[in-house]
Amino acid sequence: MGEIAALAMNMTWKCGLAELPFGGAKGGVAVDPGTLSHNELERLTRRYTAEILPIIGPTKDIPAPDLGTNPQIMAWIMDTYSMAQGYTIPSVVTGKPVIIGGSLGREEATGFGVAYVTEDALRRFKRYSDTVRVVIQGFGNVGSYTALKLGDMGIKVVAVNDVYGGIYNPNGLPVEELLRTVREKGKVGDYKGGDKVTNEELLTLECDVLIPAALGRVITKDNAPGLRCGMVVEGANGPTTAEADDILRERNIPVIPDILANAGGLIVSYFEWVQGLQEYFWSREAVHDELKKRMKSTFVRVADYAEKENVPMRLAALMLGIRQVSRAKKLRGLYP
Amino acid sequence: MGEIAALAMNMTWKCGLAELPFGGAKGGVAVDPGTLSHNELERLTRRYTAEILPIIGPTKDIPAPDLGTNPQIMAWIMDTYSMAQGYTIPSVVTGKPVIIGGSLGREEATGFGVAYVTEDALRRFKRYSDTVRVVIQGFGNVGSYTALKLGDMGIKVVAVNDVYGGIYNPNGLPVEELLRTVREKGKVGDYKGGDKVTNEELLTLECDVLIPAALGRVITKDNAPGLRCGMVVEGANGPTTAEADDILRERNIPVIPDILANAGGLIVSYFEWVQGLQEYFWSREAVHDELKKRMKSTFVRVADYAEKENVPMRLAALMLGIRQVSRAKKLRGLYP
Amino acid sequence: MGEIAALAMNMTWKCGLAELPFGGAKGGVAVDPGTLSHNELERLTRRYTAEILPIIGPTKDIPAPDLGTNPQIMAWIMDTYSMAQGYTIPSVVTGKPVIIGGSLGREEATGFGVAYVTEDALRRFKRYSDTVRVVIQGFGNVGSYTALKLGDMGIKVVAVNDVYGGIYNPNGLPVEELLRTVREKGKVGDYKGGDKVTNEELLTLECDVLIPAALGRVITKDNAPGLRCGMVVEGANGPTTAEADDILRERNIPVIPDILANAGGLIVSYFEWVQGLQEYFWSREAVHDELKKRMKSTFVRVADYAEKENVPMRLAALMLGIRQVSRAKKLRGLYP
Amino acid sequence: MGEIAALAMNMTWKCGLAELPFGGAKGGVAVDPGTLSHNELERLTRRYTAEILPIIGPTKDIPAPDLGTNPQIMAWIMDTYSMAQGYTIPSVVTGKPVIIGGSLGREEATGFGVAYVTEDALRRFKRYSDTVRVVIQGFGNVGSYTALKLGDMGIKVVAVNDVYGGIYNPNGLPVEELLRTVREKGKVGDYKGGDKVTNEELLTLECDVLIPAALGRVITKDNAPGLRCGMVVEGANGPTTAEADDILRERNIPVIPDILANAGGLIVSYFEWVQGLQEYFWSREAVHDELKKRMKSTFVRVADYAEKENVPMRLAALMLGIRQVSRAKKLRGLYP
Amino acid sequence: MGEIAALAMNMTWKCGLAELPFGGAKGGVAVDPGTLSHNELERLTRRYTAEILPIIGPTKDIPAPDLGTNPQIMAWIMDTYSMAQGYTIPSVVTGKPVIIGGSLGREEATGFGVAYVTEDALRRFKRYSDTVRVVIQGFGNVGSYTALKLGDMGIKVVAVNDVYGGIYNPNGLPVEELLRTVREKGKVGDYKGGDKVTNEELLTLECDVLIPAALGRVITKDNAPGLRCGMVVEGANGPTTAEADDILRERNIPVIPDILANAGGLIVSYFEWVQGLQEYFWSREAVHDELKKRMKSTFVRVADYAEKENVPMRLAALMLGIRQVSRAKKLRGLYP
Amino acid sequence: MGEIAALAMNMTWKCGLAELPFGGAKGGVAVDPGTLSHNELERLTRRYTAEILPIIGPTKDIPAPDLGTNPQIMAWIMDTYSMAQGYTIPSVVTGKPVIIGGSLGREEATGFGVAYVTEDALRRFKRYSDTVRVVIQGFGNVGSYTALKLGDMGIKVVAVNDVYGGIYNPNGLPVEELLRTVREKGKVGDYKGGDKVTNEELLTLECDVLIPAALGRVITKDNAPGLRCGMVVEGANGPTTAEADDILRERNIPVIPDILANAGGLIVSYFEWVQGLQEYFWSREAVHDELKKRMKSTFVRVADYAEKENVPMRLAALMLGIRQVSRAKKLRGLYP
């Protein structure tokens, strides 16, 4: 219960920071979906949906997927809710398959968002040049799309890894080719165009930007002193421990916090909801453009606020998120 | 009942093909509206609307006009539904007069759509040139707007007709002038700038594109062998019989099927619904642009699929329509 | 009761003229809000909202602020309505603070709208030149934003005033600087870059455009004969008495009527509603652009109609507003 | 407006006194129904109903007939409301024809109620005997059913009248026979079994109970000093002027006030509502029994309270009605 | 479709005759439930319910069981509807199992109703005596409860049968004992306390009342001339063909028609609905009493009307049913 | 959370046992209401109500009072819910003050119910005689009404107590007089008509029935061996510990369990709900009669079942409660 409440609170500030008309709530079923058959999973999902029917809805509370849920599950929730109403209501959930009302561009949203923010941070902190080199930890959904978009922007990705190890090429990796290889063969290490590095080595490669894009708690008090990056952009959730955060601050290595850097998925969730409400669906380009605009304006607000208040970006982002919520609450009043 | 069910099924595939979030249903009253007074027609419409109130609605089922219904009738349905709810709900029907929430550009939608697809088909099948000549059968709502838009595109319309006969000018007819004449005098034959042709002759004129844009079942096994066109674009519903279809296929004359070619009206119906839901109404230009984009992307999907699967366009279009529906159905599941 | 009914009727024609899908209704509480504490005002507002709950709603009747109500009050109405439904419904009112769903650009909407229409009127009546001089009576919300936007357009504002008196500079006033001074010091007269004029003198200064942008009934049969302006653009509500109107017509001084000239606020109210319905919020630029487009097209419709019917602009605007409503009514029919 | 508000307030206290879960509201259309055709009356009723749809309903506000409305009109209101909901909702109005959900026993309710209270008052004030004589002014719906029920109870009705005059028989009139005559021939005066009296004489006949059962303001300061009755039971609404009331009090003639004495119709309206909610309809006997029980218990409460507080019955009844409402209001609180 | 419509119409008149606030509609799925597994039947029922959700409801249309449906199916319909609303709504169907809101006394309702009417008919037609003998064709739900109740009334049942044959005892059969035997052993013929008769013989036994309580069309033009009963009471639906009906009328054998005689089940369906609406459930005795009262009052109305209009009971019953509906319709008007 | 869930489960079986169409749920706010002002309590209640609005309702979930809540709080819940709907909905809660829809007879319901069951138990277990003596522990709401009703039945109450001590009179206490004294003076010990006993002594007085009617866990393994009663009737919730229960069973002292004995309050809660749904309110006598009937029939079912299954009453009652719920669940099925 406590963890769920904490996640809900975090989501509230994250939505506030991104200025989305969403609150933040979390719920779920305590089950390992991997142990269920397709049929059991469907029935469990439909039952759970039936139980929460009175408190969800396109203008009430809109479930979005998280760990352990996938587009198929969101489709069942949507279908169960819709059948109870008697007609199709796509906007009751986000994370749906595109064919039944999901948003184009959702898959790549978080990664692209990380890339947009990285570009802005490089410019803001005057570290942008032709020779910028980026190291990305993780090459899953977030890491790979971050790499692809950075490539589009002409920013070199020099190292990536997966659970089995990483590869490094100081002249930059050909991201599309690498991705193709990984999709075909399964591992980053199957790509032959670079030197192998261990996952520990990767974190401490010399680079302009280090983007942890896989798990939480990977930059710790143990490795933080040895990082050789110009800045950290948190693509994953909570990759930096509190102690590591202190060390990086002392070392003057800026950290672009997760609440800002990886908000792309949340923002496109919001777009999906809006498209469903309007029953009008956007092109992939429109989604990318709108996402970019929002990521960048949020980055500027956070960076300006951090500068003005002389606090780290992480604190600035949190303060802005909370301020947005509290101002709205104050205007509306507590009623009843 | 059977015919209604068939029409409903066709509409389902047509919406699927155009990727609109609409299903397909049909209903009506067995009456000849021509025998009713204005007052009787209003009362009949309101009564019918009252009977179907529980199953229609802006997010349920949205009646659109068909043969025998006009904007005035749609206005009554909208008003009856709205009065029962207590406030105005424009998006409960489409085909309304513009002043109460209809869409600009709906009148010309089918014709323009036929023209957009004709242009694409000419390019796709490498028959586009300065000397392209088009013959249009019928000069009603569909035929005249097709002709106008083709004219805008610099494509020559060399012959058109109406129930009384046709005119032919191998150098191209001045469509706007012709349309003005028809509106003033009533018949295509009243225009003097071309040679008279019978309706039978018109179908077999030598041309690059023949566009039947009036009635169904006009290209038959009798005249199909004699057509001298490079391709057929079906502006009307079902203008080609099954036997004629086979003959044209053997003769290697591509047929752009009605489910694709004349979807413009349906698509703008969808736009009208969206505008009503958003309570935000688009300019005529915005409607035309969006219609063009969708007609063209649908054409490409059908043509690509036909090529890939090596089937005629008609079959390809049907397969795509059904596939869209069945994929969505599969994802949602059968529940309860 | 009579006054409220009259205001409601006027609002109906104004919405009709601007082609907004709004009717016109008015309601309120007979109280001087200035005599209430913040807490009393909140409770009064919530009680009033509770009483009208069954007849308001995002698709029913949408309260907008008028004299005596402010964004805070609209926030309470929205919150009270939303809490009764169980979830946030921004589109139930307009005039909300931006942070809870208000529209960017609403503050400046009326003033900018007046400026857009002024520019059009100058061009239409062939009085546009580099030396155009505008006099604005009033420097509150409407007057100041009118002045700012005219300045942007390169049109000289030569005199403005407030309740304490005015200033005049035949070479044009630097509007931004003047506004800064007024915001800091409190009075127009505190600005030193012009000659002082009395409020009576200001009205009769020689100019191309006189824009009364403060109170009603300021151009009267007494001062109308002495006006030395090329035209009058009514930024305020009802600034010209009926007798004065007659005099100006005889003097061939065109009057751009309030129902047209100051509709900017109403139009952005409409935008705010649409944004709330879509749960998608526009940039300030988008609001300005869309406002400009609508103000200008409305101006053209009124001016064309006045010319065609050979009636004054005021009458033309009223006729168009009523016509819009009556046409829609006729199409929908009287039911039950 | 003022009169309507006053009627609404009176109804509120009357419901409070009878302990019915009804509030009191009044509304209407300013029209003389006698000037309308049947068709016009239907359309007016349906339109009016449509206008008040959002504020009426079986659990909201339940229209009941008053002067100028009849069962047919209530049927139309019910039908209009029901058709807007899509199914029959009898409990949305009272006063309906029995066949569509009206209550048996409603016609005679007020008259029977007057009779029940008369019996109780006679016993309470020790004036009950075999020789009790009652004079009834008016022989319409209220007067005739009062007379019939008094007859059932063995109480003699010695005089009744209508607008044309009255008849008097000190030995008692045979009420059923008299009623039959009136129904056949039209006037009380057509009955031959008694002496003719003028309407003025009737009021001052010597009797135990005088029951004004026709119009308001008939017992005035002019005739009150001359009344020769033991008590007055107000069957009509407001038959006694304020001055007359004072005179009677000084003369120690108890007045059973209208708010108590003629509540029978209201109480059966309540029964009709309950029957509609339950969709279960009572026999005529059940209605009579329940009515009698409630009339009698209300009489006892008023009489006890008047005695305890030493106030006239009229004041006691009003105080009890208000107290009921204010206690409920206090418990519920003012919210919002 | 035609048959369904005819059944719906019949139900309408039957409800009208019994003065129930029900209309009459019929619907179903074309399937033989016997070919479905329990699980398939549940899924079919839930799907069908989902499809008709918008048109059923406790105040809209209330499904009741008919041939091929049983309490379990009604429970599923109720559950499916309830789950879609989010809470239990027993009154949406009738024929439910008692434990989830069904009515006590429903099982025996039709049979008891037949018996009540039989008693009344005997008295009315002066054929009631100590020696009355009744023959019942069929010993299923209707026949057995008819027999039991007749036994309670002291009326002798002298013969009953089932599909395998019948038994006859001119001194009367001990119904409870017989029923016990049938329940244990399965056939009427297993009871040894009477003479065996064929099903053909049974119909023509000499008796005071013949009650066909099994199938339709069993009294035909072939056997009608040979009946030796004093009257026929139709416990089954449509047991008498039109020709047989004519013959019996000529022979002066009164027929108590099915629409009247077997209405007991329908009436208790109505009670079940009322109990669900009230969420208050009656004792078995209360159900029996109320059923008896209604059967008897309906019988009287039909018999009186038949006498007054000099028509057979069957026609009288139909006329009364239609009159009830048409009067209500006339009062409500046709709207819209 | 665990405790709340357990209470909810218990309530479910209790409702099942009493055959009420209620489920069982529990909720609340973790606060000591004694520390809140009247105004704070109102605001807390209204806020809590607002939070649970979507899941309560007259046909959904009906809050009833428990420890720490009183009629005033229930009035606020009802008012808050009602104001959100726009009209008064009494049946959304039970435990309301009578004047706003509470049930007459609720106050005395639990105590009377205990007395009814005591009488039945005495008869059933053949211990009923003129000399029956009852000891009641506790003289609050439950104990005093139990004593009063036992007195009405002619059963002697020989001892009662409160927190300060008890009194004992082997010839029986005059309950009404005793109650008057306690209400006036405050303590049971202030009554002079008996011998003082300590609270420990009271439990072990020799008697036919011991009724613990105050706190839980008062009959323990320590005092159970010393009880000198013929049976125990649990008026309080959980007065007997599990060990004590075993001891009493071994000693052959029947225990009428709380789930049965003190269900009177719950049953009248149900009556209150029904009255609110019907908007028709019962007399106090009707409530008492109906309560008695239900208490007695439940007692019989439990006692018969205990006998048949040869289990203690407590287990029998629980089994019946669960069986009722599980049978209904099985019939309805698990869906979705």
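For the reader, a short list of remarks on this structure follows.
Each chain gets a letter, A, B, C, D, E and F, in the order it is written, and its residues are counted from 1.
Keep this in mind: a contact is a pair of C-beta atoms (placed from the backbone, for glycine too) under 8 Å apart; a residue touches a chain by one contact, two chains touch by 3 or more.
In this text, all values refer to a predicted model and were calculated from it rather than measured experimentally.
Under the contact definition stated at the top, the chains bordering both subunit B and subunit C are A, D, E, F.
For the pairs B-E and A-B, the larger set of C-beta contacts lies at A-B.
The centroid of the Cα atoms in subunit A and the matching centroid in subunit C are 44 Å apart. Per-chain Cα centroids separate subunit A from subunit F by 55 Å.
In subunit D, the residues that touch at least two other chains are 46, 50, 54, 80, 83, 86, 277-278, 335-336. Within the complex formed with subunit F, the subunit C residues making contact are 50, 53-54, 83-84, 86. Those residues of subunit E lying in contact with subunit C across their complex are 335-336. For subunit D in complex with subunit E, the touching residues are 42, 46, 71-72, 75-76, 78-80, 83, 86-90, 97, 99-101, 277-281. Those residues of subunit B whose C-beta lies close enough to touch subunit A in the complex are 21, 57, 59-61, 273-274, 277-278, 324, 327-328, 331-333, 335-336. Per the touch definition, subunit F reaches subunit A in the complex via residues 1, 43, 46-47, 49-50, 54-55, 80, 334, 336.
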